[in-house]
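The structures considered in this document are given below.
Look for chain A in each of the two complexes below; its partner is chain B in the first and chain C in the second.
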Partner chain A sequence: SVRGLAAGPETHFGFQTVTEAERREKIYQVFESVAKKYDVMNDSMTLGIHRVWKDILVHKMNPSPGTLLLDVAGGTGDIAFRFINYVRSVRERQLQRKLKHHQNLSWQEISESYKEDKLKSLGDSQVVVCDINKEMLKVGKQKAQHLGYSEGLSWVLGNAEELPFDDDKFDVYTIAFGIRNVTRIDLALQEAYRVLKPGGRFLCLEFSHVSNPLLSRLYDLYSFQVIPVLGEVIAGDWKSYQYLVESIRRFPPQEELKAMIEDAGFFNVDYQNLNSGIVAIHSGFKL
Partner chain B sequence: VRCQLYSPQRALQVSAVLRRVSDEQKKEPLASSSQQQFDSHPADHQPEQEPQGPRPSYTGQGGQESEDYESEEQLQHRILTAALDFVPEHGWTAEAIAEGAKTLGLSAAAAGMFHSDGSELVLHFVSQCNTKLSELLEQEQKLVQLGEAEKKPTDQFLRDAVEARLRMLIPYIENWPQAVSILLLPHNIPSSLNLLTSMMDDIWHYAGDQSTDFNWYTRRAVLTGIYNTTELVMMQDSSPDFEETWRFLENRVADAMNMGNTANQVQATGEAVVQGLMGAAVTVSNAETSRAVR
Partner chain C sequence: GRACLSRTEPRARDGRSGEEEEEEEGCYQLYPGHIPTSPLQKALLAAGSAFMALYDPYRHDMVAVLGETTGCLALPNLRDKMKHHPEGYRILQERPRIRLSTLDMARLQALPDGTLGREYVRFLEDNKVSPDTRMPPKFVDDEELAYVIQRYREVHDLMHTLLGMPTNMLGEVVVKWFEAVQTGLPMCILGAAFGPVRLSARKLQLLATELVPWAIRSGRNANCILNVYYEERWEQPVESLREEIGIFPPP
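After this line comes the complex of A and B, so read on.
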């Protein structure tokens, strides 16, 4: 249809109507401005519960050593660091079990196996953190350095709707609290399908819809009255957090997102509600 | 059971892994229960890429292209079957399933489709063994019907059936205790119990049991007891070729048979006693009558 001078198809930015190009620009600016306070704000808004949600996501993933993870919109690295910790501990347990079976090897064989295992404390697992926003990546890299994560970690600037990776590359694709900010979700899902290996898994952690009416009212109250105020007080940015809250309301509910994931070609798609639907984890497989 | 109706758009996106069923049927014996309902799409739409083999032939407008592709369930069965090879090394765990998936060319992440405690792997194995046992008993029955083999007496039949079934555990006997503990997890008990009872049903059916009275329950309970105890003995038997286990089995089956005989004897004795009493009563009453007459 003819839209005159409009720059393109219309979409939403929070509760405003904007063009797609405008939306991308505005979202980029939101995250550019909140990047440094992103983690602090997450903690204060969710009272620290976001850490548990992210733990549950990685636990659900249950990655084995040797897994190649792509964390999209991974910004400040929360999922990536948890992945590395998890894989490291699984690897340690594996090594312990191996040592128990090595009771009757010669000293040389044992020392050789120690050497080779030391080099592979992650067992060849790797995580690629991809984000569209330079500021978020910058904060993530600093955090990694500060916390001492270096092995098996790489940072790539990229757009979820058009990933700079080859087909059939990754074992797991995660997008935690990021898909809400993607302008064309269907494109992002298709890209996810493309870069996953056959048998690979798609995992999405995102705010979703609360069906319980009482909880829903309390949640709305908290979201619209408290969060923007926190945003102003802590990050000096009311509008970005207003956007955040509105974007959560605009995001498709669980079943709709499930249907979209299935449309992209994923099988065995299912979701798990956390905290009665405040957050949901969607999972699908490329079969 | 999920009803899978896919939009035509989805049917166009050919799956990366789900294989043509024609390739499948050579390997997979159990395909009956899965649903493969894809929406039909008009015959002029061709799928963009074919995973392998020639293009599927359409049955014309409104025909179903679906029969050519396996369902997720069948793929899951394939993964679990492949995973069994890795059980001796990794146990009945998600790791074994991950290794199995890798041999099929899938990412290890596909193991995420299953429980992380290995439940489905054990249940799949048990179900497979039960199917094999049924087939074995079916074949034996055919031979008997054709007159090529003798019909075995019940105790021999039961012993052989239980032995055949337990022998299937031998490659995994090291990890079998773990499997049993998984089967006893509360969320698995309905399934494992179901598998056990249907196996007992099968064995008695082929043994020629036609009872419709209380015996039906007794027989199954007894056989279940025999099977479970023999399984436990087998797990810590270290004799060559599990001789001790088979001897134990023989004794238990013999006990069960005797129990049946004892029950009969009790009944016969009871009848004899009753008849004796009746006879005594008649004699006494005759004696009374004759005395009265005199």
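After this line comes the complex of A and C, so read on.
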């Protein structure tokens, strides 16, 4: 219809049909509304299991000191903080090993080398948290301050479909529970490819599809009956969590997402199901 | 009320679960703000809101949700009481709303002391409350009953005025006792029973010996409070209105 053409291409918002512009606006509002209760709700809805999923993602990444990470849709900083912790502990072990080998040095020499390394407790690793939503970034920054994260951490307001970064910049690109909310997934994947260095890795952690029929029914029941209620009781916001569960159903399943990642130019694309497919980690490399 | 679809047919990948979900919940939005819910969701909401209302007394929205999810017997009762009373019937037809945009605050303030209008405005100012903070109903699956619960909420401040009770915990509990007897809403009954939990011993004693017995007696004696067209009675002295309804003078 004429109105349709004028308003823009159609897409979905949960189970509703909307234009792309409307979808972006609605999603922005959802995250503006949930930002303050985001972490509490994640813990309640997943009974804390989301923490394990995120730990697994960072372990799979296995970053070494000196890695430059771009965490897109990183909002409240969960992946960024885990990255910093991981790199710090790897760095500590490195330093310990180094010290052991230097046991024949004089006290002065040891303390000097220690001071030098102290300055690089992260070993030049850096993480840039990029999110399109100001409220989510605000919560993330507050959390960082509260938890004492400052070194090697930057916060950038940006759109996954059009990243404010130059080509070939990052070693790793992660997007955890964010790609589902992107309106043009193909563009986000292309941008991911662009900003990664050759040899860089793409990692996506996202809700996916459960193939086991019994589990799928239980999961649906829980999703549609319990989660919006949790949203209303804890966050006073039924509709945002109704959107959440609907958007999960709308998102492409494992194989389809794998194909989309390959289309963007990534090689060696694979995925790992967590909890029978409730969540999946997709991985790809830029060569 | 008119029924209109709140969601278009889902073109979900897993169409089965989407359709099933719609069948369970009745996919029609009956009034603006209506969220259709399944019986299971209502039960979970009732339990969750009851817990949250006790845990965090500032969550007035939870008290509202509790009222909506547990009122399925009391609300039709109230509606019928209104239908069978001339003034109540007119209220159901005309659907007056008490909010800042419909009230002429200047006129009410200018009324003589002791009139309903003047005392109501005084109550709002003293307690720093506004009629516009009442939650609109979301989980009531009948458009007329949604109005009934909305009217009950908007009339609540007038109850405070007629009973002479402030908006502190003690005053609210007393009003809840009165409303529990009057409406039979489980939310009022629960509020009346559990509200006192957070009160000091001295207040509890006052509550038990004087205030609650008076609230119960008044509640029993009085006509249905939803059957009074308050908007036509601003000029009426509070005492005269109390007598007319059947509320005994406050202790």
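The criterion applied here is as follows: the second predicted complex is superposed on the first by the 281 of 287 C-alpha atoms of A that agree within 3 Å, B and C clash if a C-alpha of one lies under 4 Å from a C-alpha of the other, contacts with A are read in each partner's own complex, and residues count from 1 in each chain.
The criterion applied here is as follows: contacts are C-beta pairs under 8 Å (C-beta built on N, C-alpha and C of every residue); 3 or more make two chains touch, one makes a residue touch a chain.
The shown structure was predicted, so the numbers you read here are calculated from the model rather than taken from an experiment.
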item	value
Partners on chain A (chain B, chain C) - clash or fit	fit
First, second, both or neither for A:Asn268, with chain B first and chain C second	first
First (chain B), second (chain C), both or neither touched by A:Glu151	neither
Which of chain B and chain C A:Asn62 touches, first, second, both or neither	first
Contacts of A:Glu232 with chain B and chain C, given as first, second, both or neither	second
Touching partner for A:Ser283 - first (chain B), second (chain C), both, neither	first
Touched partner set for A:Glu10, first chain B, second chain C, both or neither	neither
Which of chain B and chain C A:Asp186 touches, first, second, both or neither	neither
First, second, both or neither for A:Phe224, with chain B first and chain C second	second
Chain A as apex of chain B and chain C, Cα-centre angle in degrees (nearest 10)	150
Partner chain in contact with A:Gly199 - chain B first, chain C second, else both or neither	first
Overlay on shared chain A, then closest C-alpha pair between chain B and chain C (Å)	24
Interface residues of chain A shared between complexes with chain B and chain C	none
Touching residues (chain side chain C, partner chain A) in the complex	7-8, 10-14, 17-18, 20-21, 35, 38, 40-41, 44-45, 48-49, 51-52, 59, 61-62, 65, 138
Contacting residues of chain A [partner chain C, same complex]	12, 14-17, 209, 216, 220, 224-226, 228-230, 232-234, 236, 238-239, 246, 249-250, 252-253
Residues of chain B that touch chain A when the two form their complex	6-7, 9-10, 13, 15-18, 72, 75, 94-95, 98, 101, 104-113, 116
Residues of chain A that touch chain B when the two form their complex	60-64, 66-67, 171-172, 196-201, 262-263, 265, 267-268, 283, 285-287
